[in-house]
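I have a structure here, written as structure tokens, and I will follow up with some questions on it.
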């Protein structure tokens, strides 16, 4: 960005600059009523100012916490910006969170106002209003179904905009005065971490931190106002906040909102973004859907697909990274681009993707290479909520599957004695809201923040490599390294395995739970006409067990090649009779396994794995979609997998 | 003013005056009308047969007439004795019926009426092309004499003039009546006849009671071929055999409109009405309009019927349900 | 909901309808008040659909009068009746198979579009403006009935429940004063019935459209209708609120099949 | 495979309602226009003499596309079948001839358009039966029109200005110094005039079809009872379809005589031609403008070229080729009816859909 930006350290200043420099280029777009409604920066700014004045009239004072709940819509992004303009602190929440999860956050940050998407959210909040002493007013965007509700503490978004429009000049002056008071250090947003360990913590981020991190990330990839992306990730996740509001505002790029949760694929294709961020499970789902859909294609298409995909696997990455490739291969790849890769990227909506990132957790090299060989510039980035996401990012020409890149401008990294990664960055968070103890634990006096992840600097690439969560990297009884995440990712590479959980800390061998991927295994069952009525029955099917045994043994063979990892080979495993589900608290919203919770809940299964038993009857608590609790009984079989000898091979064979 | 009077007298006065003056000419016209009426009836019968049995409006029926006539002549020219060549034509028709059923009808069994109708139009194009290619396009004379039909004409003096009855026309009328009776019986009495009527009503229902649809359709198309042959012989005898016959064949359409699509008697009565009406209108009112009126007269009558009684005299009422 | 005596929108006075010898409707009279949901029930062949067709101008009764908004309605052709603001859905679906969902809903706007032939030729200026403005209105209805994801699919390939909903959308596109629903829930499963009932109530409340509803499912009639007309063998058997009608002995006999 | 729709989003309804919303379609149309306007006039078709290409292949196919377009509006979009197409072309031709003789100095193109208007009136009159009857019966009514008009062309001398031969000859006409009609006119100019007519008429047709009037036709075609109950007056819808379609057919009739044949006898307007035009619409695809193009091209160009190649390459005389092409036409028609009753347009649509979904099947 130009030098003049040093002074742009608050959201209001950024917005003012965008209006001044990119006035008529698109700022917000949303697919609604069949077409993409759009507002340019002037129009958006006008709406945000009316909204800000309307909120002041509603009684939002400086320092108030304003909860924002709902699917990605321009109106909610305006609510974030408008709250910041009047000195209030926006607190985005997950729209599919269950009522009591919401209750914890709303009471913790004692939110006084809530701006919500539709009737569904209004109902959830009104269910728990008695417990929310501090909550005064609720504003809803989509009026459908709310005609009959008692409107005393319920306002429509239009009315607020309207009242802002007609507000007297005194309100206008109040707004200007409040904007004036905001500087780099004031709180910009309160984001609750998905909290893999116990209750989620409220991360307080300042304007300076968010904008600083966003600016350096934009600089790293050279993002301009034309590099827009589709805001499909939950608004409460720091990833979406940083990409849409952070980088979007910093670059003056347009924020595009999909029509609905279920039209992601269609909207992605229509918008055709050039910048895309997705967690590994999403990349996995897309790749599985490609292979499932291609199975049903005609023989010729399947033949062409397999031929060119193999060729891409061989040569694709080199071509993307501009390394030398034979003329024939280059021509074949060119042909492939016309017949398979081009149309494939077009069908996935990724034809224009210039920069794609995977973040949130490690990604298997197979999945990573699948996209790069297609010519999609998928790269790794590492970060966390406390660091306004951006810590390390890979450059276009130094992309590897198992490392996460070099620190970007304004970030310093160091490795603590226990192997934990520490950082000092412009994007560091101010504190955990109302939790000074946790703040002190994570952030020491001179500003070094503990990430909670274990890792080390890889000598030959000079990039950071993350092994696992610091607290879950343990030692086996015989002292060997135990890195569950590393093994689990290798297992999850197989399209049949959706989730894997490894146990072995302070034990002499490693054992694992496996979750089958209903779509992939279901499709396989269908083609081999194996009938099954439920997920549980399919999971318990002995042919499925046999296939998973092959997968586990392949991983064991792979682990055996790396000397300090071979001890993590899986001796015994079982196929879980139920899918790990966020509603049961077993995994987070972004599908990160809550390891301690799982090991408590399934203690009986773990002990069976370490005994000589070959099957175990168990009864597990299940939460159904509408919140009711139920019990699931099943006898789960335990399978032994062969372990492999450590082969004396040199380091880089792995 | 004289134009108007000329018009009025021309329409209402002179024709009737002429009828009375020359009764024999009138009778002659009546007889000619009767004969062409029976032949129209025969062609219409071919349409009705196939429509009754398979719900298909066979647009190729007129061209089947031409094909039958041309084939007969060519077989005869190849030296096959007259009656034997008739048998050859019948065999040819059976083969054609079998082919049509196999290649076309079987594949279009439950598509809607328009598509079936269009397929018969396409079929007529194929037959035209094939017939011209194999039998050549030059018009040639019918071999009715060789078939033993009497020639020459009977004269019946009346009112000072004479009414000539072509022997050929008489035999045509006789054969036509015979054919109509046999078909009438065939439809009502014989097993296949009943099966035919069942299929016409509801193919699925007929199938469920075990009537083999394909077999029925082959028979139906074959019988339509026979009717076409008979029509071809007599029609070819009156005017030489050429593809112009097909245009005359279309005259059967108005006959069907008037007589209704599904009734055999309707076809015959309709045919007679058109035949007689056309002849008389042509002779008495024709000059007024510049003659050659025969071309469209039948259609205008049919149009009249369509606007007031769309289902024709005997057809069943079409009811629109919401 | 109807509480006090409301303005009468439509009144049907001693209608008599015969098809040749068969008497379909035998001097039936009832009224439909503004803003109410009026159910017309009765066993099969009771003359319900025929009554609807009379209101629609499709059948012309031999005797009787139809009063609409206070005036006696002359004998009209169906398209004239449509102009007066009466729309309907059909018992067995009458969608335009050759078109997609959005096009079917757009057909509901025909009466509202007037740009003359000249502008249509050029499809420029006022003609395209009109098309866009009506297209937007259709999109709002599609959003209202939650059929956005089948916007571009040809209606022939839609499942039964969705086709019924597209038909309702088309009728709504006509922004009618009176909406005639001919067994909108026939052949639907429980969940689809709930959705359709919700939509019918929404239409009645949100747009204030008066609804005449033919329905067999007594449960639906009871909780949706304000007043009920019961027909049997073409005659008026009962007329009143759902509770009154339910208690009426003649109605119970008709439904339980006491020989008439 | 060819389609790259990523990033092509619509932000205004107008874009959604455009004739060719997808960018790749616009390229397709541009290529077709280049071929028709530039390539063929310059190089003609491979293997055929340039003269033959223009006057025996291109001009007729352009004219017949207009006819097919007209018939498709009536049959494909409004669902009213008609076998009187050839006769209505005759009306177009004769009325153009009369207009030219009554107003000698009137510009040729205006005469053609006026003849279209006259035919529209005549077509509406013969369309009246459609109000009472439909489907098969309507077809027979239009047959009445066909034979009546054929009779009229011979029996009413006024039509051909009482000249003995009974045929109409084409007077000499020019515009802005270019010779348009008559013996001295260049085939190329006549080709461009016809092409211009085709482009304008296609654009007008596509506008009307996508608008209010076109929708009323389609409503009548799909379910006329429901259409009536929604407010479409059957009379206006049906008669407007007859009028609009006859306008197109009348113009093509005038163009056929004045810009292609150079003279006309009754035979060129007989029932067999009506059948050929019907074939063009059915094979091409009912209810689709692109279908009209496919139908006209296939039904006219393929037989002409076959005859040409038959003669020059295999030395088969024209008579046999003639029969062969009639059979071929019948066979192609049957296959289309069996395989895909909605004609080439639907095959094209399916192929396009497959390309858009490539490499996936759904």
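Each chain gets a letter, A, B, C and D, in the order it is written, and its residues are counted from 1.
In this section, a residue touches a chain if its C-beta (ideal position, glycine included) is under 8 Å from a C-beta of that chain, and two chains touch if they have at least 3 such contacts.
Source: prediction; values computed, not measured.
Shared contact partners of chain A and chain C comprise D.
Among the remaining chains, the Cα-based centre furthest from that of chain B is the centre of A.
Here the spacing of chain B and chain C, counted between their Cα centres, is 50 Å. For the pair chain C and chain D, the distance between C-alpha centroids works out to 42 Å.
Averaged C-alpha coordinates give centres for chain B and chain D that are 33 Å from one another. The distance from the centre of chain A to the centre of chain D, with each centre set as the mean of the Cα atoms, comes to 58 Å.
Annotation for chain B: residues 322 touch two or more other chains.
Contact with two or more other chains is made by residues 12-13, 16, 225 of chain D. Along chain A, residues 34 each make contact with two or more other chains. Chain B contributes residues 57, 103-104, 107-108, 111, 113-115, 117-119, 121-130, 132-133, 137, 247, 250, 253-254, 256-257, 289-293, 295-296, 299-300, 302-303, 306-307, 310, 320, 322 to its touches with chain D in the complex.
If you check the complex, the residues on chain C that touch chain D are 56, 58, 77-79, 81-83, 87-88, 90, 94-99, 103, 106-108, 110-111, 113, 115, 117, 120-123, 127-128, 130-132, 135-136, 170, 174. The touching residues of chain D, when paired with chain B in their complex, are 81, 129, 132-133, 135-137, 140-141, 143-144, 147-148, 150-151, 154-156, 225, 271, 275, 278-279, 282, 319-320, 322-331, 333-334, 337-338, 341. Chain C contributes residues 102, 135-136, 139-140, 142-144, 148-149, 151, 205-206 to its touches with chain A in the complex. Across the complex, chain A meets chain C through its residues 33-34, 144, 147, 259-260, 262-263.
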